[in-house]
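One structure follows; several queries about it will come next.
Note that the chains are named A, B and C in the order they appear, and that numbering of residues resets to 1 at the start of each chain.
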Amino acid sequence: MTTSILTSPKRLTRRQRFSEWVDRQASTLFITPAVVLILVFSIFPLVASLIIAFSRFRLGAGSYKVRWVGFKNFEKQFFGSEQFHFLGTFKGMSLFGWVVTIAAALLLIWWLYRYCKTRFWWLGFIGRIISALVFFGIVLLFSATLLSGTQFGTLGVTLFYVFVGCALQFGIGLGIALLCAQPIRGRTFFRVLFFIPLMITPIGIGYAFRMLADTTKGPFSPVWQWAGLGDFSWATDPWAARIFIVIGDSWQWIPFVFIILLAALENIPKDQQEAAEVDGASGWQIFREITWPQLLPVAATVMLIRMIEAFKLVDLPNIMTAGGPGIATESMSLHSYFAWRSLDLGQSAAIAYLLLFVTVVLCVSFFNYVVIGKLRQAA
Amino acid sequence: MQSSATEDAKRLSLRNLNKSFGSVHVVKDLSIEIEPGEFLVLLGPSGCGKTTALRMVAGLETVDSGSIELGGEDITNALPKYRDIAMVFQSYALYPHKTVAENMGFPLKVAGVARADVDAAVRETAAQVHMIEYLDRFPRELSGGQRQRVALGRAMIRRPYAFLMDEPLSNLDAKLRGHMRAELKHMQHDLGTTTIYVTHDQIEAMTLAHRVAIMNEGVLQQLGTPREVYDQPATLFVAGFMGSPPMNFVHGSIDNQRFTSTNVNLPVSANGSSVKSVLGFRPEDSEVGVAGSGLFDATVFASEQTGEYTLVTVVLGDDTMTIKMPRDFDAAIHSSVSVSFPTDKGFLFDKVSGNRESIHLVGG
Amino acid sequence: MAYIRKRTLLNRIFEAPAIGKMAPGTALFVYACLLFWTLVVAFPLYWILITSLKTAQDVNGGPFFIPWVDFTPSLHAWKELFVFDYEDTLRSYTNSIVIALLSTLLCISVGSMAAYALARITYKPKFGNILLFVIAMIAGMYTTWKFGVDWKLTIAAAVAVWFLLVRSIGRFFKKSVGNGDILFWMISQRILPPIVTVVPIYMMFQNLKLLDTHIALILTYTVVNLPIVVWLMYDFMNSIPIELEESAQLDGASRLRTFWEIVLPLAKPGLAATTLLVLILAWNEYILAVFLSTSNAQTIPILVSAMNAGERGILWWSMCVVIIIMIIPVVFMAILLQRFISKGVLLGAVKG
């Protein structure tokens, strides 16, 4: 007969009782710090920011005055004196603009109609209506500015950074990931080297690209001189400046797409590829039939993460072009930052809130209509 | 051997194949001639090089030296897709994002076969592997046995020259394994397709194979029909690997035409190639009796009832032996018993080289 | 039927001779692309390095590429920052180190605790209680805004009232939210552009007289990076076999002890990766530092942009020195990290 070496105490000491109480509260203790931190530094500022967005805010000596102004701050962005800055300059719509707008409208209506036909859930329907309206607004915005020959504002610039930047980063990131998945020598070397830009401070990248882009003193100036573009400056042409910023942003973020897609590629069981080889598939068939479908869920998730971060882009345009020429490279974050710097807090908060709205609608749409479907397929 | 060999039947020859991974020589000088329609099993413990050999035949592994020929044509360096062979992987390698029908139709689809023909072939093959009701399912919705059938179907659909199977039954539970084994044998017989089958399970090898090739540490130990391999093991390794429970061994020495060990002293027909020797006999060929009445005496270690028979484990010096006795037999632990077997069922092996000696016990 | 097709010239160039090998044509293309991308990645870094060795004349006099060949490298910028101006440099550098390390420590401990709790403990906060909390907060803020009561007081009052309400009428609420909702709520905080929250945070710290201190930046960075930690660690925690924790609990260990002695050591690889990632994000952060620090808590990215402020234009050489000393520790971390990060994020990405 054996006896336990632990004898059970008849009476708990005060310390034991305390530790038992702590243990019972463990579920609360574990999560409270995170919840409190988020409430204080994320939710409270969010609500406060909303209040500021509806107020006129004046910083005085040591104190501030707040006055409720309703939707004035927002009105100003959409219809008032700041319209050119936020949305862009409107001078009537071109024919091509009309065609694109109407086509988009029809397409969205057809999409909604198809949703109603296949399955209907009122919350899903409302969500789709909001998405459709925002998409239509975006198409309308670009039709009325870009396609009608006028300049778009910070909203358009932000969307340009998000869509063009993400597309570029995905394309090149996938390309290098595929290259590195080949049986190459020095794979680890390339992996580490290609990963490094992600780790470098955006501000350093901003200034480094300013040096590189200098057409008179930068390293590529001989090329520019030779091409007869010695007087050309990236920072004075709106489109050149925007592309310039997208290049800087992509240089930093391609590694992120690359490293995750490469891991996903390596994660696809090798025997599937071998089975396809034995079954007679060519390299391209293997990619299209085996690799690509299994890469999609990861690709969609990576692009979602990239989109979320791209909406926040602020340091690069600030450093590389300071938003110029004019407002050509000013993202909404930068717009809001400039408004804050000129102490117009109400404006700043209103723009920030508009940015939040666009970000949430587009990211949630992308998540709901693209990512979830792909993940469900994979699960 | 029942083979559906036709006029243009081709034989698959592996000639002096060698393969090393770094400094590890995994396949050493492997040469096998495989007849058309033959079911050949590569048998051996894990890491013996059998899977590597199979992958070389498939073209998934390059060959260091030697050649693979198919009907006199050298395919050593041909890409897998030009070899007209199909493979069933241990993990089945089903494409998770494709349905059963898409998985099975894939080899035809990539070959550019018209859609309608692919569908027809898929239905026909699915019927053969009893998967016709599951064509729209995804692999994750199938049981292990069903996945196995899909993998088989995908291999069959192309009517390839040869099937290569890499431990296809190892992921199934015991009951299903027995069932699938019978189906495989039946199917291979009907199709008459040359099959190379890799396994570490000697029951599978015995039941399925026309011929078994036993490998150890990259070296082919013995190639022969299951009967031959079982009854005439060429080496100590083959003898110890085949059979369940495996062959018993008594380590001793041969001197003056006598095999001696602890408590053992038996006459043999001649002296062996070296002094150190091993005497082997199968559990089912031997029996235990009253001490002093058999070939030698040993002590009972345990006596286990399996229901079908009784396994008696006895200890002799450093050797442990298992003897299969009728199910009503019982022996007390620690008691002393005799062990006996017909002298022509005893095998003598050279301890040093592992090869079987051509000598035998002399009846006494 | 011939098993080996005749290999045409095109075949010979672009079709692999065997599995695991590349055809000459493919190999040429692949290595050319890799070389090109290597240049794209390395050239900006190289340019930063050589610019830090240039004098003003070298920078302004047109492009010079190779030290000792077309210009004479000088260490004047390095000397300036490390000998004459070393106080400023050192302060920014130590500020950055302290802020990055402490915020990472805080973020990791708070985040992994929350992640563990969400992975293992079932939470069922009542929907009504959450609603009450929001109402109490808005009421509190409204009071501050309308009547000018000190905001700290109203917040405390609101929390107290909410607590009493939960204790009294909380049990009548039926609907509750689950772990998944809490997890989503925490992770979704990452969507918030910092610009939305930074102004109120700025005002809050101003009010608490904490502007331009380490604490302000540490706390803000912690919250900004918290979603990443929760997201990544949740998956790592989930991948730990629950049997280990159950056996620890049967052996009489408390939750805290289980977490400390069983879970954390097992989650080490994930913890290491997440730590490095958060550390780098905190190290590189710029826009929040612009808002919340001026001179005292100035971090190193601010020092970089400070090289742009003088009346002499941009001091490219000094700026490059600062960028280099910022990059060096990060490159080492990148080498450590690249294997981890892909695995970690992949885990999250595939599981959703």
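By our rule, a residue touches a chain if its C-beta (ideal position, glycine included) is under 8 Å from a C-beta of that chain, and two chains touch if they have at least 3 such contacts.
On a predicted model such as this, the values are computed, not experimentally measured, just so you know.
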Result of counting contacting C-beta pairs for A-B and B-C, higher pair: A-B
Remotest chain, chain C as reference, centres from CA atoms: B
Centroid distance [mean C-alpha coordinates] between chain C and chain A, Å: 15
Distance between chain centroids, defined by C-alpha means - chain A, chain B (Å): 57
Residues of chain C touching at least two other chains: 16, 19-21
Residues of chain A whose C-beta touches two or more other chains: 274, 277, 378
Of all residues in chain B, the ones touching two or more other chains: 59-60, 79-80, 83
Chain C contact footprint on chain B (complex, rising order): 59-62, 70, 73, 75, 77-80, 82-84, 161
Chain B-facing residues of chain C, complex: 1-5, 15-21
Of chain B, residues touching chain A in the complex: 58-60, 79-81, 83, 85-87, 89-91, 93-98, 106-107, 109-111, 154, 158, 164
In the complex, chain C residues that touch chain A: 16, 19-22, 26, 30-31, 33-34, 37-38, 40-45, 47-48, 51, 59-63, 65, 110-111, 113-114, 116-118, 121, 123, 137-138, 141, 145, 182, 186, 189-201, 203-204, 219-220, 222-223, 226, 230, 252, 254-256, 259, 280, 283-284, 286-287, 291, 301, 304-305, 308, 314, 316, 319, 323, 326-327, 330-331, 333-335, 337-338, 341-343, 345-346, 348-350, 352
List of chain A residues in touch with chain B within their complex: 269, 271-272, 274-282, 285, 289-290, 293-294, 377-378
